[in-house]
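In what comes next, chain A is part of two complexes: it sits with chain B in the first one and with chain C in the second one.
Moving on, here comes the complex of A and B:
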C-alpha cells in the first residue's frame, strides 16, 4: 500500500485503464468474430436448441477424455497382452483381478502372486492412516490458533497456506535438497554433535519423510477449510458461555467441536481420498525407494502400465479399478455428509 | 499496520499474555520457520556456485572466493589472507603459484613488492557473491528455455479453453430450461469422483489414438472440462437476474451475444477465481504430462525438473535455480491475488 503511493495516482490509473481497454477490445473482437456461425446456428435450432450448443464443447471433452476412458478401463482390465489396440487384445475375463488378488496370506506381500502390488497396498494403507491422522490434527490445531486473537493473522495464514501453491515437483526438490547427505538438516545434526543420517536411503526414515512432506505441502489447504468453518460459528454462543462462567476447554468441547464437526469430517474424507492417490511428490522425492519402502499404489499403476519393460496395461487397469471403487465409496460418503451438513 | 491498541489486546489473558498465548506464538513462529524456511533456503542455495554447494557444513549466504582486479593482469586475482613477516596479516592477491609457494601482490599497488608465502599458511578471503550463471546456463546448455515456453503455452491455452467451455456450459445450465439439464449437471458433477490416476491407461489410449501424444494439445485438452469450474460458474450465474437475459433478447440480441456481452462480464469475479486456479493446476501439473509427453522438446518445466534430477550425477546448482524459476510465477500470483485464492478455497473447497 505504502509503496504504491510513490507512483503518481493519475499515471498509475491511466496505465491500468489503457491495459484494460486493450484487453477489452481484444476480447470483443474475438467474441464478435465467432458471432456469425452462432447466429446461423441459432436460426437452425432456435433459442432452446442453443442450450445444447452451449453445453456441447464441455460435454465432448468430458465424453472423450473422461467418460469413454472409464468404459475402456473395464475393457482393458478384462483383456491381456501389452498391445494398445483394443481389438488385438485377447479376452481374459477376471484373470487380471485374480492375479492381483491371489495371495496365501494378505498380510505377507511375499506370498502373493503380485508381491509389488501388495507391498504398494500395505505401504499405502500405513501411509494413509498416519498421514491422515497427522494432517487432520495439525490442520485443526493450526486453524484454532489462526482463529484466536493473534497479531498479524493475515500474514500467518499466508505462511501456512503458502506451500499449497507449490508444484509437487518443487516441493519434492526443496526437501530433497534439505534431506540429502550434505544437506541443511544433517548440518544441524552434525553441528549438535550427532552423526549424519541417510534420511532418504533408510526405509523407515524415507517413509517418515514422505508423510512429513505431504503434510507440509497440503496442510494449509485443510486449515483454510477448517478456519472458514470456525469463523462461521456465531460469536454470541461464546459470549453466552462466558457469561455462564464456562471454562474455555468446556466451550471448545461443547460449542466448537460439535459445530465444526461437519467440516472436520469433510477434511477427513478429502485427506483420505487424496492420500490414497499420493504419487507425485513422493515419486520425485524417493522414487518409491529405498527398495519398495515408499512405493504407493498409484506409482504401481503408473509403472506397471508405462515405465516397466513390458507394459501390462490390463493389470494396471484392473488395479486402477480397485482403487477407483475405494475412492468412489469415499466420495459418496463425503457428498452425503456435506449434503447433510448444509441441510 | 498493527496499531498499538491491537498489539496490547492481542492475547487471551486479562493482564498479559498467558500460557495459551505463549504456546500459540511458539507454534506460529515454528510454523514460520518450517513453512517459509525451506523455500528461503532453496532460493539462497540457488545462487551458490557448484563449489559452494558441496561445502559441508553449508554456508547460509551464497559466497565465493573474493576476486580483485589488478592492473597488468588480464583476469581478476583471488584474494588471500597472508601472514606478513612483521606479524600482522594482509589481504593480498595471488599472481602465481609455484609448487607449495605462492607469489602475492597488493591489488591496489600492482607494481609493488612481491610477497612469497606458503600456500598452507594463507587462507582464502570469502565474500557474498551470487552465481547468476546458475540461472542463465541451463537455459543455454540444456533446454530449460524451451520447457519454460512449453509450460507457458500449456498454462495460457488451457486456461482460456477451460474458462470458455466451462462458462458456456454453466450458462446453458443456469439460464435455460431444456430436457436433460439435470442429467447433464449430475453427469458432470459425478466425474468429480474420477481422478486422473484411476483412468490413466485408457485416457492415454484415447489421447494416443487421437495422435496427441508428445503434443502439447494432449496436455491441454483432456483436463479442460473441469467439473469444479462448471459448478463454480453455474452457482455464480444463478445469481444473475434472468430479466437481464430476457431484456437483451427482446432487443434482438443473439444468444451468443447475450453470453459474451452480459453473462461473461457479470461473472467476472467467479471467472477470476477459476482462472487463477486453472493457471495453478496447469503450471503445477505433473502426472498427466508425465504420461503424455515423452520427448524432451515438448517437456514442461515440471517434467524437465523431474528428468534433470533423476540423472545420476545431479547438477544441483542448475537444478535449484530452475526450481526457483518454476515456483516464482506461482508465488507472484499468491502475492498479488491472495484474497481470490483463499476465498476461492474457503467458499468452494476447490483445489
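Moving on, here comes the complex of A and C:
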C-alpha cells in the first residue's frame, strides 16, 4: 500500500491510460470479428428481425425448460393410465379434474372422491393463512429492530439472514434432530423433569412446527426486503415528526407503514406464493405425517406422480394445473399492485 | 525418416488394436441398492467375473433403496434404464424385464434351482421366461431383544403364542425394564400382510385382488388398537405420511424395542450395528386364528429389456446364478438363498455372531412353515397396489383421521384406481 502511494500521480495516470487503450483495442478487435456474421444475419432477417435473433437463445431455453413442460403437463392432465409415453396414454378430457373436484362437501375431505387431495388443500390453506401472517409480522418486527440503533447490528443482520443460505434439507434435518422423540428439545424437557412431548407425532404440534421451521428458514430474506424499504424512508420525515412531538407509535403508523406498504405488499405476495409451494423442508421434517396432518398440496402432487406404486401422472398433472392457476392469480395481483405502486 | 514412419505405423497399429478391444468390450450397468454389505460382496465377485470375461465390464451403480422405488420406474418407463437392476417390486416392474432364456447355456439349471421364485417376476401370461435371479430370499418375522426379556425375568413366548400373547408379554417386558416400545413394525403394507394372513386374510380371489375380508379386518383392528394403547409407538408410523417406508432399525439397535417385526434381511445389519451390545434373535411367527406365517419376499437381479447387450447380460446372470457364486454370495452376506439346491445343502455362513446364527436357524424353519397364501400374494404381479393402499389408509385410521370402516372403503377405492391406471378392472 505504501509503495502504491509512492507512485507519482502522473505515472499512475499513464498506466491507467495504457490499460484503457489495450482494453479498447481488444474490444474493437472483438467487435470487428463478430461484425461479419451479424452483418450477414441482418441481411437475411432485416433490421426488425435482429431483435428476435438476439432473444432467440433465451426463447429456446424458455421454450425447452418452461413452455414445453407446461404443454406436456396439460397433455398428461387430460390423459390417463400410468404410462409415461404420451402416445400410450388414452385421452380422458376433463376426467382427472372431475375426479379431483368431486365432493359432496368441500369442507369435509372424507366426502370427496380424492380425500387426500382435499386434505392437502385444507392443510395448505390453513398453513398459508398462519404462515404468511407469522412471516410478515415477524419479518417486519425483525426489520424494525435491525433498522434501529442496536449493539452489533451488522452481526444480528447476518444472524437473521444466515438460515436463508442453508439448503432446505439441511434446515429440516437440523430441526428434526431437535424435535424428534429423543431430540435436543425433549432432552432438555426430560432433563428439567418434564415429560417427553410428541412434537412430530401429534398432528397439532407437527403442524405448528412446519410453520415455525418455514418462518425460521425464510424470514431473513423478507426482513432484508423490508429493511431496504425502511432505509429508503427519508430521515427528515421522522425529524419533523419528532419536532412536532409525535409519539413513536404514531410515527410508525403514519409514516413508516404507509411508505413501507409497497415492500410489505411484495413480501406478502411472495410469501403467499412460497407458502402454497411449500414442500422440501416439510417433506423431510414430517413426511406429511402424522397421518396427513402436514401433507400439503405439492407433496400430494409429488406422491401421486412419483412416490406411489402406481404413478397417477394424469391426476397429479391436473392437481398441479389447479395449483398453478391459483399461483397465476396471485402473481397477477402482485403485478397489478406493483404497476399501481409505480404510477 | 524410415524410423519415424516405423514409429508412426506402430502407434497406428496399437491405437487400432486398443480401439478394437474397446469396441468389443460390452459395458453393463447395474443399479444396485444395499441393506448391508451385499454391495461390497457383489463388487468383489464382479471383479472376478470381469477377469474371467475380459470382454464384459460391469459398473455397479450403488443407490439408496428409495431410488429403486422412486427413480427406477420412471427411468424404465422412459427407456433410459440400466442393463440390470436389483429390485424388490418383482412383479410390478415385470413388463420391463428381459427374458434371458434364449441366451442361457443351461436354462434347465434355472428351472431346477429357482423354479419357485422365477414365476414371481414373470409378466402376466408368461409361463416359462427367465426374468432374473433372486439376490436374497427374505421372510418377515419377529426379532426380539432377548436381553430385555432376561432383565424382565419373563420368558420369550413359544412357537404357538398368538399375536395377542405377544402384545401382552412385550408390554409387560417394556413396563418392567422401562423400554419405550413394546412392539414396532416396519411401516410397510408387505409387513402387515403376513400377520393378516395368520388371521385368515386371503388377499386374492383366484387371480383377482380381494383385499378386505374378516381376517384382514381382524389384524388391522389390532394394529389400530395397539397404537392407541401404546403397545406400538406412534412415533414410528406417525413420523411420516403417505406410503413412505419407515423401519425401526435405529430404535431396535438402541435397545428401545422389545419385539421388532421386520425380516431376515436385517440380520447382517444388526450383526454390525448391535454387535455384542445385547442379545437378540429372530423367533417363530406369532399366530392368529388361521395360522402362523410371515410374508416371503426378497430382492432380485433383473435384466432390463432395453439393454444393448442381451447376451452379456445373460452370461452375467448365468454366472451369478451358478452354485459356487451363490454359495459364496450368501455365505458372506448372511442372506437366505432362493437356490433350492443350496437351501437343501445349507450355507456355511461366515459369521461367529451367535445372535445371527440363532436367527438364521429360526428363519430357515419359518420359511418352511410359510403359508401358500403368503407365497401366492408375494408372487402376485399387482400386490404393491394393495400394499400401498393398505399402509396409506391404515395410517390415516391410526392417526384418527378416519374410522377403520372408512379406511377399508378408501383402500378398496385406491385398489380400483390403481388397477384402472394400469388398464385393469377390479370386479
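Convention: the second predicted complex is superposed on the first by the 285 of 343 C-alpha atoms of A that agree within 3 Å, B and C clash if a C-alpha of one lies under 4 Å from a C-alpha of the other, contacts with A are read in each partner's own complex, and residues count from 1 in each chain.
Note that a contact is a pair of C-beta atoms (placed from the backbone, for glycine too) under 8 Å apart; a residue touches a chain by one contact, two chains touch by 3 or more.
Nothing here was measured: the structure is a model prediction, and the numbers come from that model.
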Which superposed partner A:58 touches (first chain B, second chain C, both, neither): first
Touched partner set for A:225, first chain B, second chain C, both or neither: first
Chain B versus chain C, judged by how many residues of chain A each one touches: B
Partner chain(s) touched by A:72 [first = chain B, second = chain C, both, neither]: first
Touched partner set for A:119, first chain B, second chain C, both or neither: second
Partner chain(s) touched by A:148 [first = chain B, second = chain C, both, neither]: first
Touching partner for A:110 - first (chain B), second (chain C), both, neither: second
Chain B versus chain C as contact partner of A:22, first or second or both or neither: neither
First, second, both or neither for A:293, with chain B first and chain C second: second
First, second, both or neither for A:137, with chain B first and chain C second: neither
Common interface residues of chain A - those touching chain B in one complex and chain C in the other: 84, 287, 306
Residues of chain B touching chain A in the complex: 2, 6-7, 9-12, 20, 24-25, 27-28, 31-32, 34-36, 38-39, 41-42, 45, 54-58, 164-166, 168-169, 171-173, 176, 178, 181, 184, 187-188, 191-195, 197-208, 210, 221-225, 230, 249, 254-257, 259-260, 280, 283-287, 290-291, 302, 305-306, 309-310, 316, 319-320, 323, 326-327, 330-331, 333-334, 338, 341-342, 345-347, 349, 351
Residues of chain A defined as touching chain B within the complex: 27, 31, 34-35, 38-39, 42, 47-48, 50-52, 54-55, 57-59, 61-62, 64-73, 75-76, 84, 86, 141-142, 145, 148-152, 156-170, 173-178, 182-184, 186-187, 190-191, 216, 220-221, 224-225, 227-228, 248, 266, 270, 273, 277, 279-280, 283-284, 287, 298, 301-302, 305-306, 313, 316-317, 320-321, 323-324, 327-328, 331-332
Interfacial residue positions of chain A with respect to chain C in the complex: 80-85, 110, 113, 115-116, 119, 180-181, 198, 200-201, 203, 286-295, 299, 303, 306-312
Residues of chain C that touch chain A when the two form their complex: 69-70, 73-74, 77-78, 89, 92, 180, 234-235, 237-244, 246, 384-385, 387-388, 392, 395-396, 398-402, 406, 410, 413, 417-418, 420-423
